[in-house]
């Protein structure tokens, strides 16, 4: 049986924690559904559970926020953590909390401590998930567990490369392995922690096969440690056939690669790129994302808000985002169905690409070492990497229909057939300055990144 | 050639008007597109033109409102007229305008006069339509024409039965005939006035065939007077297959019954019944209506707003309604397509029912007299009539899927096959108190009327 | 509360002069009838004068129920003080609907209407029957006392 | 405005200490390079100290371009006065991004940042090149004068 020590926590955090058995007893005893129950029920109903992101610095403000949002009937609520805590600058978080909590962009859970965490969990009747973005989230995880929270986002790749500049992958993989191992031990003990993997990565123009390949590797690693409930999150790219196929691919590929005994739930993150500034367009995109989630069979959808382009949303706007999502997955839009043929086509492409991406890694004797090697050679990679530990040579581009393709797959382990297909899919996309390829590359990138932003009201792009 | 005298206007209004030839010259000369141009362009593009309702009492406030709304790029703007003016209580309108213009629920155009009407038309670059609800709209029409406005809503049935208590149909049909005759004369002269017919009727639970039958009769009457551009408006009922079929039926039936030489445009009025109070649901319904309009091939869609359930919307909210509608008809939702089979089925039903409803009327030697006779015998009728000049015996009801059927067709001239079909379509709808039929009738009516209102956020009805 | 045996409780119902909205009027009428009321329904677009005439014709009517949703309640009821001064429209006037123009409602909206002589403003139609019963009970009490 | 022949105009670019948003940083970097700049890009999550080190290493850098979109600009830049007092980070500091937490921005947000020693706040990225050119022109003028 594990205990806190398996997490090798910093002393200052470790000494604050309750004793392990008390914490586990609380995880067993606390009333109400766990996230895993919500995900199962959503899957049975065929209607995605809805979850907002939400986090403010102050404790009382956070309780108020959660309670306000609960009125819009989310299925799960978030504790979104501030950037300082994410980067383990717990002291800065604590001092800004003391100075002016409103200036924190999330809830500094470590600074507040696990007792306050319990107060959050007790303040609402729906389960909470910790959403952060820490290459090393062990202190956060321990505090969350002690608080009675059984849903924790992140993974050794997805919470490293998009979220920091210079944490080596082997380090982050090692710490996330400790977290997963703790979840594994808890699972044996009957406490199921939902582990959501951040397939959104750098969020902007993410080719689906890359998101799924990377989270699938994290999922396989997590399953090895005994994790029993995995949510694989995929970021809506905006082309619905591709997005629906990606969500379905998560199920088919998880079945094949993660295997039985582990429940894997596909999760849609509503459009994660640059959001439209106009609330009408923003709301339309949120609704579009809800349709995508329902059609793709997502077990959960994490909603955006009309404030997305502007800043951290207030409770009213976030509540509306939840409800707009509820409308989108409601019977009102049940009539919306997709051409299965097009979905099938995208699905088979994604499945094939993911296989090509993960096969060489799975062939390595040690999975985590294989992952590190793949990123250091560029066989695995991602665009717009925040971290120096990925080549960031992949260039994504939207095709004429808006689907995200590889304009340059860099050194990714994709077959030449796949590379050719992407070239062909992009060939019908008009370029604006064929004579100045470099300037053109940049302007195409900007065009694609701002695809949904600044849409004109009555404009048909 | 017609002139003002053909309208037999009340002296007080007539004496204010500019001379006829000057007014006609202005109609010819004023710059910018006419509504008919907008409708043709929308038809060519396959994207409905968008129009808000809007009207406030004060003149400067009205100009500001129009200019504010123009920023959201509607294709046509409205001058929605206040209730007093609608009911020809011009004096009350004028005195309330003087006392507290903000308490008027629309723009009292007759009280303001045609010169101010011109200022409205000149204040924006899109054409204006007068939307009112007057059993006798001649003074309004004359004022609008003098103002240079070439789109005018209403008809002898649709602007009588829902809009007043006791104006005999022959009277309203006579005055609207004068309006149509004037449009006919203007058309000969090269000035095309768009005449929108209010198929929405009493708006709540309107069986599609009734809306279309009644407006088709008005259209035939208008065409006889020489009207060359007719918009037939249909109110979204909320079941999309039925609504799309209804919009398409307007084209097929107009082709057959109105004949060539007259352009007939189907127009969708976004849901006209009791609106949801929650802005998220309201917006979802607005978007739903936009999809309906695009899929049904409407040339125009008149948008609702998130304030609908609460009161006359402010400019910000109305602008958002326009833009939400623009999002709904945009490429973002192009992927939404319907099963053609289901639409075809509804279409054939509607076409057949409309034929059954109008055939006996068209068999009469005099069309207008035939209409009056049909309503007085109940062969034509409508539910929730405001007027005593309809039997109001028709009882509509939603079937299990939400489509609006005849629970009791009253004395409508519908075949027994049609009656049987409606009975069958409704038979799968569960009733709540089979032992108390009367109480049950009322509770079903209330349930149906509030079908979209008060929907719970995460509720699946 | 059931009516006196042999005598139906009577109310007068209608919509204000400038208002053509028929649905609430018809539903409320059916609802009251299903509860045993005798409803004189004057329908939509009913000037206050017509309400007064109806009361004159039905002096035992226990209340005058006026609906207004088009936002014009205050102007449509502007003659209420004058009619009351003439001793007409004596039964309690109960008003319901959407009582002013615009989506933002103000406290003052109700005050103006009450100042005109409206006796009760019903904001939730579910309160109508209980209100009628309460009024009826006190009327009965006064009759017995008086 | 083109640089001195033979010498590339150099700028230092990076994102504040707590901020991992990479996209704007990479786009601005590419844009500046395509306009002939030499860009020392420190990337995301860059403490102010690192910016100062970069200036020490590149004393001819004409400006320090700092991005911050996660809302933490003010706290992430809190050591600017201290560094400036030490004579470090002398080139103009140009700040852009989403500079405070929340969707409603306040006047005071900018004031606090300017008070810390930020020289220019760019609210529209299109203003960056013109600003650099203006600063460059006046630096050149001073150089020639001085």
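Each chain carries a letter (A, B, C and D) given by its place in the written order, and its residues are counted from 1.
The criterion applied here is as follows: a contact is a pair of C-beta atoms (placed from the backbone, for glycine too) under 8 Å apart; a residue touches a chain by one contact, two chains touch by 3 or more.
Fair warning: this is a prediction, and the values are worked out from it, not measured in the lab.
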**Taking each chain's C-alpha mean as its centre, the one farthest from chain C** = D
**Fill in**
chain A and chain B have mean C-alpha positions lying a whole-number Å distance apart equal to 47
**Length of the line joining the C-alpha centres of chain B and chain D, rounded to whole Å** = 58
**Fill in**
Per the C-alpha means, the centres of chain B and chain C lie apart by a whole-Å value of 31
**Request:** Enumerate the residues of chain B that touch no fewer than two other chains.
**Result:** none
**Message:** Residues touching two or more other chains, restricted to chain C: which are they?
**Reply:** none
**Asked** Pairwise, which chains touch?
**Response** A-B, A-D, B-C
**Touching residues (chain side chain B, partner chain A) in the complex** = 45, 47, 50, 72-75, 240-241, 278-281, 283-285, 287-288, 320, 322-324, 326-328, 330-333, 335-339, 455-461
**Fill in**
Given the complex, residues on chain B that touch chain C span 83-84, 86-87, 89, 92, 96, 102-105, 133, 162-166, 202, 204, 307, 310-314, 317, 384-386, 388, 438-439, 442, 445-446, 449
**Message:** Using the touch definition from the top, list the residues of chain D that touch chain A in their complex.
**Reply:** 18-23, 26-27, 30-31, 34, 43-46, 70-72, 74-75, 98, 100-105
